[in-house]
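Shared between the two complexes below is chain A, which pairs with chain B and chain C, respectively.
And now, the complex of A and B:
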């Protein structure tokens, strides 16, 4: 083109700049830069800072001391307890949520009342839920749970007496509080599954279980992934409700981070525990995305 | 058009007038009232009393001083005050800090920075002449340890033992357990779930065990001397008779005593006395016939009756301004009136002996126990790493040996746990404070304070 113009005695066509050539690809990024700065400063920077601090002490740089120290303090137990609570709570929440959502997917009299009751716990503040469940399942043999048992002549139960009992109590309380969120997501998922698929499956002789396995679950897949991402990350981070109910025993990773940090001079130890927590959540998110994204 | 101009002129005039009024009001306020920012760590009921009763009473007497109350937990207070001092932004500030955390402000991060003001010259004007002798001894200790006065005792706190008189009487006990041998024997008779202990958190548990270690003749700071081991072994044996709720029990656990869930509450801070005698919808009110309170069982040896003294101290951050206003408020807080009402309404033992004069009869029971306990004080050393000491104790010894029962209570298992805690404390000091501190620790130079 430039040669033809020269031969015709015309001025050469202007060369397009980098910006002119790539404007359509680059321009949209300017709209997300503010959000990126916000997320970067308020999310990624603190996380990176915590990881950096985890390798520091007031008098040493780049040391594994904090990790070694926390391991000797029982960090493997903290991690184990946290994973048990996470797995137990997610199993309970998703099982209940699938059942509730499948009910809410149908039309029946009183559906709005049932839906309101099912979703109500999400509006309760976590600290209020923790205090309430502490009154229901305290460790002293008192509480509303034991009052109900007393009506049937049963002896009081010390719900928090063993580590497994205490963790189970937290799982139950947390599931009561957070199943609603999963229900809301799955109800939306149910609504997206074409009714015709169920009709076709019924015609082919599929019963309820096979319909659930071959129609419902595949149709809910992306919604389950979203719910698992949201609830899974929140579950690993469980703190407020657990702290209200069981305090520092048995130990959860988040509670230990708080206890170490609140002690004043434990910011480096707390950062190493927080870095481990960050690693667990990151692995979980990647795993869910990878497994949930497979066709 | 002239109407438009008229409207504009009127609007501008009103805006200018309003602005001038507000500016003038602000100027008048800033020159006539000094605001003291007061940081404290109080429970909701205590905070309500402070902000609705005590502070308004002070402001009524000193109309040119306004107190801005800030509720902040003790650990966060250290972070906050450190930041204010480092940022030269202290202002007119007074703090009431937990005695367990004040060391972090005196020693700073690496043990070389003091974030508190030296108040040696003004302390005589703040501290009343009628301070309890053990509290006066604290300020004398400061002069020796720190070369000056940096904090003043404000709310002394000492653990007491509360017990259900009716339950003990029905089992044949006419008096409370006089020593630890009696306590274990009584618990055996009273049965399982008869004793409550604060086993739910580092600070609460370690505070009680600090006292027990001293009472057994040990140095709690090292974890593993004979007295420490004997105290922990005793605790393991007593745990068989504890209400299982002890595993989560902290300073807020007291209701079970009134509800009949346990018979001996060893221990709790005195603030629970008005709560137990007051009662509410879920806690039956106790009275002098049903509720007993005393300093607690004695141990063996020289410090058998030692009582750990906790509580809060008043301090002024370095760089604070308007010292005259801070001084007046601190003086008020340490005065007989404020000390007495704090004691009666919130259960905090007074450091001013005048506060114990003319008390209601119902208060005399717990005050008698407090005064007895304050006669044999022992303090935790104000070192900046005290919370790590607490954490080590809880994670390395108490959790495996008592809570988890690892080792089945065997002495050898206890020795292993205690030695682990000792070596971890030393390695922590080496990595975070320096080799000198670690060597001092290894030599046993850190121990309880007897003033």
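And now, the complex of A and C:
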């Protein structure tokens, strides 16, 4: 082209430089820089630092000891417990949130009141929710949960006396606190499904269950995926509620990090458990990148 | 009620006034309605019960709640003693903690808006690919485990002499608030007509003035929503706060956490926090109409 221009005796056509091609991008990018510096310094740098510290001894030499120590102390069990809580809480939250969002998609008397009740737990601080659930499902055979059971003549339950019982109690309490966020996202998802699809499905003879399976679920798919990623990562990170309800038995990864940090056994041992936690979260991060890239 | 049963024994002359009766089957309870309300009642009971328990713990004498083998489901009597114990200035840590928590919450809200506006504006004007990449970065920040990040930060802050200062706690809590603020505000900026900014600039406003003079006022509802959301996230946050607090004055969430895990009175904590929670619950109900799921979910849809 340039050759053709020269042959025609014209000035070379201006080739757009990098600057010219991206000029309209530079100005908006300036606005993003403060946030990037901030998250770089306060999120990504400390995350990398935690991984670095996990391979350090107090006298700053390289070691695998921190990991070996935690494996000996039962790290695989902590991971297993964390994954059970995550899976259980996701199942309960999403079941409940789907039910609530399905109800809120209908018109009925008292809908606004129910919508308000559905988001109320957001207003209760997690630490306060922890106290309430501690009084509802304690390990002592007392508590409000057993008061309710007594109404039906059932004998008292020692909710926290087995590891699985304790983890299940955490799952219920956590789901109570966090279902609201999933509801908010799924309500938006329901609003995005055209009503006509339901009418068409009804004309084709699909009952409520088949409508749910073939209209609602596909329509909610992207919303469900986002909510699952957000909540999944947060469930792995569950800390205050679990610590208040069950302490260190059975142990979760986050609680172990805190125990090691708080007991003065040093940031290095704590960092190795924290780095493993980061490793599990990075599965969710990779899922975000893969799902985003596939679009 | 005004149509008592004996009327049916009367002669058929009385039947015409009952003509509306045939229309009643239309309004009869359908089983799907019964199921709907049964589900509404059951779910509401589950969601309200712990809040009711907090109320009982706060306002019922402890012998019927905390120390009872079978805590009373209906209050046998009410008392303000728990709250008074929590509020009494002698040795009560809750009031200074409340002030600190309020300070933190307003700081986190303000910083979220200050950094959120330029970031969201930038993202809404960048090419789709770049914006998507940066949004993903914010999304990842939201997923990082607080406790993993908090430990190296505490080491850094101790070195820098910032450990325990309110601004240092606020800046870590901001990690939770900023991504959601940015998602909410990007949605708001994208909802504005593209020409608005150009018009302001044609009228002679500089680009910065065009943004702050004509765009920002239009996204006020989203600004209110993100400020309140950031405020609440800080109010609720206790992991960063627990690692980074100043022992002489912890934030309220940490104070309650320490009380609940055996270093204080749980009941005083719960009584105090119930009172402190009521305004937040009211906030949530107000916030409800601003809180849009599609904005919170913008992270992945890009």
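Odds and ends about this structure:
Here is the rule we use: the second predicted complex is superposed on the first by the 256 of 295 C-alpha atoms of A that agree within 3 Å, B and C clash if a C-alpha of one lies under 4 Å from a C-alpha of the other, contacts with A are read in each partner's own complex, and residues count from 1 in each chain.
Criterion: a residue touches a chain if its C-beta (ideal position, glycine included) is under 8 Å from a C-beta of that chain, and two chains touch if they have at least 3 such contacts.
Everything numeric here is computed off the predicted structure, so don't read it as measured data.
Three-chain overlay on chain A, with chain B and chain C in a clash. By the document's definition of touching, both partners, chain B and chain C, reach A:142. Between chain B and chain C, more residues of chain A are touched by C.
Contacts of A:87 after superposition: neither chain B nor chain C is touched. Look at A:73: by the touch rule set out above, it reaches chain B but stays clear of chain C. Using the contact criterion defined above for the overlaid structures, shared-chain residue A:115 touches chain C, although it does not reach chain B.
When the shared chain is aligned, chain B comes close enough to touch A:266, but chain C does not. Contact with chain C, but none with chain B, is seen for A:225 once the two complexes are overlaid on the shared chain. When the two structures are aligned on the shared chain, A:248 is found in touch with chain B, with no touch to chain C. Of the two partner chains placed by superposition, A:154 touches none, neither chain B nor chain C. Residue contacts after overlaying the shared chain place A:132 against chain C, while chain B stays out of touching range. With chain A used to align the two structures, chain B clashes with chain C at 62-70, while the other stretches in 62-70, 80-88 or 116-124 stay clear. Shared contact residues on chain A (touching chain B in one structure, chain C in the other): 141-142, 247, 261.
Residue ranges of chain C in contact with chain A, taken from their complex: 32-33, 36-37, 39-40, 43-44, 46-51, 53-54, 56-57, 65-66, 68-73, 115-116, 118-119, 121-127, 130, 132, 134, 136-156, 171-172, 174-175, 178, 182, 207, 232, 235-236, 238-239, 242-243, 253, 256-257, 260-261, 266, 269-270, 273-274, 277, 280-281, 283-285, 288, 291-294, 296-297, 299-302. Residues 25, 27-32, 34-36, 38-39, 42-47, 49-50, 53, 96, 99-100, 103, 106, 108, 110, 114-136, 141-144, 146-148, 150-151, 176, 179, 181, 184-189, 191-192, 208, 222-223, 225-227, 229-230, 233-234, 236-237, 239-240, 243-244, 247, 254, 257-258, 261, 267, 270-271, 274-275, 277-278, 281, 284-285, 288-289, 291-292, 295 of chain A are the ones touching chain C in the complex. If you check the complex, the residues on chain B that touch chain A are 73, 75-76, 78-79, 101, 104, 109-110, 193, 196, 199-202, 243-250, 253, 255-256, 259, 261-262, 384-385, 387-388, 390-392, 394-396, 399-400, 403-404, 420, 424, 427-428, 431-434. Within the complex formed with chain B, the chain A residues making contact are 57-60, 63, 65, 69, 72-74, 138-142, 158, 160-161, 163, 166, 245-249, 251, 259-266, 268-269.
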